[in-house]
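Have a look at the structure that comes next, please.
Going in written order, the chains are labelled A, B, C, D and E, and every chain counts its residues from 1.
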Amino acid sequence: MWDIIVNATPQLVVAGLKYTIPISIVSFLLGLILALITALVRLSTKKGPFRILKAIFRFYVWLFRSTPLLVQLFIVYFGLPYLKIAGIAPDGIKLTPLVAGIITFSLNTGAYCSETIRASILSIPKGQWEAAYSMGMTRSKALSRIILPQAVRVSLPPLANSFIGLVKDTSLAASITIVEMFEVSQQIAAENYQPLIMYCLVAALYAVACSLLSWLQGYLEKVTSRYVTNAD
Amino acid sequence: MWDIIVNATPQLVVAGLKYTIPISIVSFLLGLILALITALVRLSTKKGPFRILKAIFRFYVWLFRSTPLLVQLFIVYFGLPYLKIAGIAPDGIKLTPLVAGIITFSLNTGAYCSETIRASILSIPKGQWEAAYSMGMTRSKALSRIILPQAVRVSLPPLANSFIGLVKDTSLAASITIVEMFEVSQQIAAENYQPLIMYCLVAALYAVACSLLSWLQGYLEKVTSRYVTNAD
Amino acid sequence: SSNSKSSSKDSYKSELNQKGTLTIGLEGTYSPYSYRKDGKLTGFEVELGNKLAREMGLKAKFVPTKWDGLVAGLGSNKYDVVLNNITATPARAKSYIFSKPYIYSRYALITRQGDDSIKTLKDVKGKKLAEGTGTNNELVAKQNGATIVPSGDFVTSLSLIRQKRVDATVNAREAWYSYKKTNSTEGLVYHDVSSEKEPAKIVGLFNKKSTKLRSETNKALKTLRADGTLKKLSQKYFGADITE
Amino acid sequence: MLKLEKLNKSFGEHRALVDITTTFPEHQTTVILGPSGSGKSTLLRSLNLLERPESGKYFFDDDVFDFAEGISVKDTLNIRKQTEMVFQGYNLFPHLTVLKNIMEGPVQVLHRPKADVEKEAHALLAKVGLADKADVYPNQLSGGQAQRVAIARSLAMQPKYILLDEPTSALDPELELEVLKVLKQISTEKRSMIIVTHNMAFAREVADKIIFVEDGHILFDGPNERFFKTDNKRIADFISAMTFANI
Amino acid sequence: MLKLEKLNKSFGEHRALVDITTTFPEHQTTVILGPSGSGKSTLLRSLNLLERPESGKYFFDDDVFDFAEGISVKDTLNIRKQTEMVFQGYNLFPHLTVLKNIMEGPVQVLHRPKADVEKEAHALLAKVGLADKADVYPNQLSGGQAQRVAIARSLAMQPKYILLDEPTSALDPELELEVLKVLKQISTEKRSMIIVTHNMAFAREVADKIIFVEDGHILFDGPNERFFKTDNKRIADFISAMTFANI
């Protein structure tokens, strides 16, 4: 058993560093941006044609939250090539596995995190908006200087949870031909016929990654909440 | 294409009603109970040997949150039979797929939801505890009569999210030989070689289930928060 | 070249997913057909793919993916051909086209030691059999009246038998031999059922549009068969010639 | 009769209460005064055992408890049943109607029959002038109404002592007035009350006895009249600041 | 000069302000009085455009704005730069130090050079007696200190008008006193201030002009002295209730 672990671990770690980690990080960052945009659009009080935009974003969030991620990956990678758009993509939209994976993970993360960010913005007391407005700040200035810096603190724990979830979900990328950590563990299992050991090993590696992230989360929470440490 | 959909939908719905829905509901309820126990133990201020119990529950939550659910399923179903306990289970712990699935899903849900419940209890102002204590209530009476009824309201949205997540995660039960909805869609795809259509179809069914749950969530939120409707 | 003759000869190349490359889809976790050895992709179908490509003047590129991705990827032109121990069936012929068979896979029946109730395919009636979803093995088990328990891979199927969770599995004889090479088969019994069920024709799977590519592949296959390459590969990976 | 002897309570390094010895006579209203942070709340909360002093003796009628030895859960619950706290932030239970708020203690803690308790609760609501609010939820009440419900809730437990910690300091003067009127009426009924307040006019009006606390020490402990006529410079300054005599 | 003409503001069915016409003279302190819910805050917030009345004219120096027609974003920002609000709950920015709180507006909105603003901010902090608190976060301040920082923050914008909505009603009397002292000093500097308060002693002390609002209507609009000598029964009652003259 030990020789299996000794043999397999480096391969798993390489796959993790090559795919699991980069895909998680890039998708999460893109997802965060998307989540922020989505949250802001949905929170906007603008009327008129803007309402259509709001409906679109609402639909997007609903769609990605209520269907399985595996199916989303599948449709983006294998389904989009059927979508032929004259002029733009006459042969269908063909993405490389990595691009399809990152797009899907970002869209999925964006949908979930937009709800987190929306809630965190709403949790900032109205008085903070009013104090900013009273100074003559525009909505965007109030948002960027006053509201978001405070919302970050509130949304950090749920966002960290989403990130940890994403790291584990990248294992689904195997179904669109990305040989990430989980897939490597299965390949090795197919060779050594010891799936149970391989499963435990890969689970341990995920646990290490997730624990590191939790630790990072704790650190960030401490940094961002230095201004509330004395509050009860 | 239409004949595929017309043919497949009843089979998928049957599988959904037979496995996906019951597994989700039973696991979620058991998970909730476990989550509540875990949250209460971890929040307890008791000292002494009780600290060991707290450490055990903390380990449980960490373990189930930082490893992939698929691996958890696999280990409970295929791994536990290797665990031979003299006297209790001399031949290893062999669970039927359904039992193994429900246990794993419950443990997983319990770990995630315990954090939700813990946070919701902590969010109830200290003054509510003090008002209850001041009346001469014991800790458990204060908890059951005053704190938990309020915590329910706070924790409803994140719990509903966990439930929706669980419904989609039951698709992993296929890996321990349960023929739930997702597996049925794959079986049909294996026959007709049209996985894309099947995936879209099964996604639509998940979306229906999730939307129903969201609607139920909205209803419950309205009911449980009737006493804050006039607050700003 | 701009020569019109050679362009008609090479016209299958326009059906390729990637210029000058034969993109091959396979699972990569299916010993001995395609699997990893020390991290390197190898196996019967991997070597076959390489030889076919060379014969066609192309470079082979392998895309390992999950089973459902293989079929979907062919539909959306992610690969040119799938070589994954695929059996030709009428249902599959509706959506895809096949190459000529390159091996004939014999069925085996694996049971638990001490369980003498199953010896032949006929005995599986009403029994629980572990089979991969969408595999031909599943079809055979079903045809003989077995109850199917879905199983991810061959090892899982064997675990299920050992743990008395199913009674048997129908699988390719080759999978059994490959497993036996490096693993103990204690507690399991192997039954040759090749006399009961005709061997399955294992073929390459193409998108319906790739007719020219298929002809070209068939030509290359014929050459490999004629010069003994195919036989040699079969001996190497299956320990027997199963190409006839 | 409630009595404290050499009570000490620290928060970390900070000594919030130092060697407090005093009595809270029955059937009288005792008012605790003092600057912010002086330890008034800590003192009041110690009486209800919401704070646990490190040392000191606590006399309740014929029972004596020693904080240094700890007080058992049973004794704690017993003392709490006889001392009801009214908080600055009301602390009504938001998920229960006004009536249920008042009935919760008598039914759940004293295990009295529901029907009796309900009748009494209605009577108490009438007493604080809120007979028509029985079925609304606390969030639909103004601050003054909420605090009056909190007072009714504490009365419903029929405690020996009612402890009020700045019951009106979260209220506008007009709403404050409603609450003070109710409290004044209760004080005339010769109940045992202990009130922490910043309102000098009110203290002067209702107090039988006044305790002035500063930095955890008792600076004054005596009858109402003597307090407002004191020649202690610190206390005189305090009184004039509290009444905005010279801004 | 700030002037309102026939201002109307409703919340749903409820008419919070009805045909309000008044002026807020420059270099004077105007105090707005009135019972809870009468519309005082709504009036003050309308001046800062945090509320948008349905109709009425708003005169700011030589500019006239008509609420019925709406006020452009540009004009809104412009008016807000010249009218600074101080809130009951302070509304300091918790993620910025005291100094940064004060500098935020001048630097980010007025785009003034940081170095100048910082020097001024230190001077303002000294003025409100908090020179040593520049680098702490708001959560480390007492309520009275927080409100004084909020006042300094509003002064830093060098607005024409400072609007204060019950700046001390969240404070203990002792802390209230610190804030009132600062406000009194500012009022002697002949700044234009508009204050909503419940503290009659303070109003009497600082007001040049008093506006008494009830149910969205102005019942009194005139100089300080006349208000406290009024023979209007309603107003006399209000004054006596506010001073707890008879509990």
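The rule we apply is simple: a residue touches a chain if its C-beta (ideal position, glycine included) is under 8 Å from a C-beta of that chain, and two chains touch if they have at least 3 such contacts.
These figures come from a predicted structure and were not determined experimentally.
In summary, the chains found to touch both chain B and chain C are A. In summary, the chains found to touch both chain A and chain C are B.
Homomeric contact chain D/chain E: same residue numbering on both sides for over half of the interface positions. Here the two chains linked by the largest count of contacting C-beta pairs are A-B.
Chain centres computed from CA atoms place C at the largest separation from chain D.
Using mean Cα coordinates as chain centres, the one most removed from chain B is E. Separation between the centroids of chain D and chain E, computed from CA atoms only, is 35 Å.
We define each chain's centre as the mean of its Cα atoms; on that basis chain A and chain D are separated by 52 Å.
Distance from the chain B centre to the chain D centre is 45 Å, each centre being the mean of its Cα atoms. Per-chain CA centroids place chain C at a distance of 81 Å from chain E. The set of chain B residues touching two or more other chains comprises 78, 195-196, 199. Within chain C, the positions touching two or more other chains are listed as 68, 72, 75-76, 156, 159. Counting partners per residue, chain E has no residue that reaches two or more other chains.
If you check each pair of chains against the touch rule, the ones that pass are A-B, A-C, A-E, B-C, B-D, D-E. Chain E meets chain D in the complex at residues 35-36, 142, 169, 172-175, 177, 180-181, 184, 198-199, 201-202, 205, 241-245, 247. Taken in their complex, chain A has these residues touching chain C: 11, 74, 77-82, 92, 94, 174-177, 179, 183, 186-195. Residues 125, 127-128, 130-131, 133-138, 141, 145-146, 149-150, 153, 226-231 of chain A are the ones touching chain E in the complex.
Looking at the complex, you find that chain A touches chain B at residues 62-63, 65-72, 74-75, 78-79, 82, 164, 168, 171, 182, 195-196, 199-200, 202-204, 206-207, 210-211, 214, 232. On the chain C side of its complex with chain A, the touching residues are 28-31, 35-37, 39, 63-66, 68-69, 72-73, 75-78, 153, 155-156, 159, 179, 182-183.
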